[in-house]
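Below, each structure is written out as structure tokens.
Each of the two complexes below includes chain A, the first together with chain B, the second together with chain C.
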Partner chain A sequence: MTRLVTRDVVALLGGVLVMTRAVAQQTDARLERLDETTRPAVIAIVDSVRAAGLPVNPLVERALEGATKGAPPDVIVAAVRRLAGDLGRARDALGPGATAIELNAGAEALRAGAGPDVLARLRRARGRQSVTMALAVFTDLVARGVPVDTAATAVLALAATVRDEDLVEFRRAVERDIAIGAPPAAAASIRLNAAAREARPGRP
Partner chain B sequence: MFDQFDDAVERVVRHLRRPVSIDPALDQRVMQKIAALPPPSRGVWRWLTARREVALSPLGALGIAAAVAAAFIGVWRMRVTPPPASAPDSALHGFQFVLVEPRAVKVSLVGDFNDWDATRTPMHRTSRDGLWSAVVSLQPGRYRYAFLIDGRHWLADPAAPTAGDDDYGAPSSVVTVGGGGS
Partner chain C sequence: MPPAVTPGTTWASLLATAWCFATVGECVAQTTGTMDVGFSTVRYDGFRASGAASITPAVRWDRPGAGVTARGSYLRFESGHRSLQGVVAASLFTPSELLPRGWRGEFAISGGGSRYADFASFWHAIGEARMHLVAPGRGAWLSAAAGRTSYGSSPRPVAVAGLGGWTRRGWLILTAAASRSFIGDTAYSDVASTAEVRAGRWELSGSVGARLASRGGGHGVYGQGGATLTLSEGIAVLVSGGRYPTDPVNGSVAGRYLTAGVRLRTATLRRPAARDPAPLGRPPAGADGDPLSGPQLEIESSSDGGIRLRLHVPPAAHSVELAADFTDWHPMSLERVAEGVWEVVLRVASGMHRLNVRVDSGKWLAPAGTTHAADEFGGQVGMVAVPPPPPPPPR
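And then the complex of A and B:
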């Protein structure tokens, strides 16, 4: 039939395998900034996360942050590995349809102390809307000192009915109250009650 | 009279009876000429399905392999990359970052949006009071960032939430950009 001899077939298949592996593991050029100790470990984590279908850019950025801040290699690798785990847990909680931005926000919320059930309930509460801002507001409130349970309760209560802009305004109001001396938990509760009253006019 | 003719005929016959020597490469030359002729038109289908000899060098095989691998990876990446949530989310929003640092000589804005490259976003002193400012275009997402003062000291943004995990011993801040730029 053809003169495509065995030697050529072997070369063709071998080439496909080698090139497929090479292209699949194409290293992000930004990682060249990492030192020779850190780079292979981070690349290995990035490759495994990519293979799992998770976003890898947050991992690259976390590694670059560590390199720019002069962190030791083992600290950078540990931070990247922890973030990789959080991204996986965020996808488990938010579902396979979650976007890269949602997964990144979900990973930070988990790191801030939210349980996976909070992420899943937020996903259900937001329906088809993005859950990114709700997760970000939760994380920011915790960073401002609001207890995890209080922040989760507040964001869950608001998430089903308000827009992203309203969530941001809620966070700003709580931050203003904290800045003038209100205890974080009390600030969040008071602002949540105020939001509830606005949603139900006519009630005290 | 006929003897003359007989003699001529015999010479002709002898000449014709001599064995003819044929060049042994004649067959090969004839077949080469035939092969060089344009093929007869037999329709598109027969042309498409006609078997042909294919000879590849190892280098050619590697080239084809590279093309196949690139196509495979392209399809694979399209499959694993989630589509954007909605069209407006891809819009850029200009964000102004400000810092009051009267004693600083140089301030850089460094974060996820510039790959933590301290040279890419220098902040500009906008007043003698030490107000530094920089504007960055951001797509929707959540970004960690910090200020680098005089190339040595890291400072989180006092006007923004602090990133919860301080893995590197130098705090960062976070900014979240929603679809509406909030």
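And then the complex of A and C:
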């Protein structure tokens, strides 16, 4: 009896394993939109990234973006490959527990010019809170002309004490100051000081 | 702020000084004072225009082999905020007998600082060495600069390498230059070409340039133009405008501007030997993009928990589409809700998202109202940060 139960369990586990593997290997249907030159190369990158335990959705989306914009195959593949590398570096910096959204935001931040140490320090500063918005705000500030290290200093200083909504408000305030003529770095510093004054320990 | 004299902008004035050497004998030492009073309108990428009134006093002292410029600027913005800026730059050329015929060495320094609304300041200090090869009517140079720039408490190192050439044909001076800059974590390359014409009472200048291979310094093609009409020995009117790139040394962001003003001179130059290279009365910190001529995006929360994306486009538009990572880059048609206003409501997760829009099946564009970034496919993508949904109200 015991032997029969054991055999059934082993068979069941084997079946689940095979099904899981089959599902994992299944090609993302969205990639059918790519042309025949681009698709195999992107699928190969996606498979290797999946095997490494990294999220593949950002890669698929990047390939689709290139296809929608009519980019040549080699340009699409290069962009996907670059993003795959950035996702790996983001996970190294943010840790194995980082979510797919955090890794995607981390990859964008690395692309914007953040060093891996900035990502790691943000992870420590945010504790169990998501770093997604902090990374998004960092990337946005850099894109608006705030120097990389100034943006990193500002976001790191705020990350430990404020909520996501406050980070978004910080970004909006910097945006407003830039719009009225403040140099981006100065605007970020101004708002950093203002946000630091308004931060309340233990604010819910 | 008005442009500081930085490694990227000093070259033209120093070049003019070098040209003065080529025609030495025609140049004499002189001091010139000017006061520019003007009004600028400036527009940043994705934002509405902002105005500023400015007063810019400047003093130049020039003589063969040396030149010193001091400039200050006071600006009053629409918001009521004020800005003060000052910069001093000096250059010294090596004696002609020190180097082989046609070669000249040059050492230049510049330092400046600014204060914005009583609570933000920056400074920079740059030293530069150049080697000029000068012949009558033409020349070329190689340069290297180093220094520090600071916003608040953390100075960043500055290093710039450059090269360029110029030629003079009658009343026309043409130049071309390229440089690679490193400022802290930021690095970028600039290429630029300038034409200057002086004919009678008119001075016209135009430049085109591009920022390439940039990490944190922005990308793009830039161009500026300006005209100065001298009304009398002591008064001129000037108009300038265009787009210019981010300058991480003095903290100005890429921008688009239009300036009109009056220049009061204490003395007129005997020759146009060394003139300020920057467009006169350039606004405090630039503007960028093409927000009003292209689509403009507004994002707001909708009552059903979604995100309302509203695009303002020219009234003649027949179709407006959006493609984004949250549509899997499937073009999605927007609904026309008023003349020139199109919108769609979607469920979008919080975080950073990439999107583009197009009008009447035209080119995919990064709309104003988003942060523009290079998309790796030869164009630009708009990036938006969607905040997390607000917590439910307490019961």
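Convention: the second predicted complex is superposed on the first by the 174 of 204 C-alpha atoms of A that agree within 3 Å, B and C clash if a C-alpha of one lies under 4 Å from a C-alpha of the other, contacts with A are read in each partner's own complex, and residues count from 1 in each chain.
Quick note on the criterion: a contact is a pair of C-beta atoms (placed from the backbone, for glycine too) under 8 Å apart; a residue touches a chain by one contact, two chains touch by 3 or more.
Just so you know, these numbers come straight off a predicted model, no measurement behind them.
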item: Touched partner set for A:99, first chain B, second chain C, both or neither; value: first
item: Touched partner set for A:65, first chain B, second chain C, both or neither; value: both
item: Which superposed partner A:53 touches (first chain B, second chain C, both, neither); value: first
item: Partner chain(s) touched by A:153 [first = chain B, second = chain C, both, neither]; value: second
item: Which of chain B and chain C A:145 touches, first, second, both or neither; value: second
item: Which of chain B and chain C A:115 touches, first, second, both or neither; value: second
item: Doubly contacted residues of chain A, that is, touched by chain B and again by chain C; value: 30, 58, 61-62, 64-69, 71, 75-76, 78-79, 82, 101, 104-105, 108, 112, 132-133, 136-137, 139-140, 142-144, 164-165, 168, 175
item: In the complex with chain C, residue positions of chain A that touch it; value: 30, 58, 61-62, 64-69, 71, 75-76, 78-79, 82, 101, 104-105, 108, 112-113, 115, 132-133, 135-137, 139-140, 142-145, 147-150, 153, 164-165, 168, 171, 175, 178-187, 189-190, 193
item: Contact footprint of chain A on chain C as seen in their complex; value: 1, 42, 44, 47-48, 50, 52, 75, 77-79, 81, 83, 114, 116-117, 119-122, 151-152, 154, 156, 183-186, 215-216, 218, 246, 248, 250-254, 283-285, 323, 325, 328-331, 349-352, 354, 356, 364, 371-373, 375-379, 381, 383, 385, 387-388, 390
item: Residue ranges of chain A in contact with chain B within the complex; value: 1-4, 7-8, 11-16, 18-20, 22-24, 30, 50, 53, 58, 60-62, 64-69, 71, 75-76, 78-79, 82, 97-102, 104-105, 108, 111-112, 130, 132-133, 136-137, 139-140, 142-144, 164-165, 168, 175
item: Partner chain A, residues of chain B touching it in the complex; value: 51-58, 61-62, 64-66, 68-70, 72-73, 76, 80, 82, 84-85, 89, 110, 112, 115-118, 140-142, 144, 154, 161-165, 167-170, 172, 174, 176, 178-180, 182
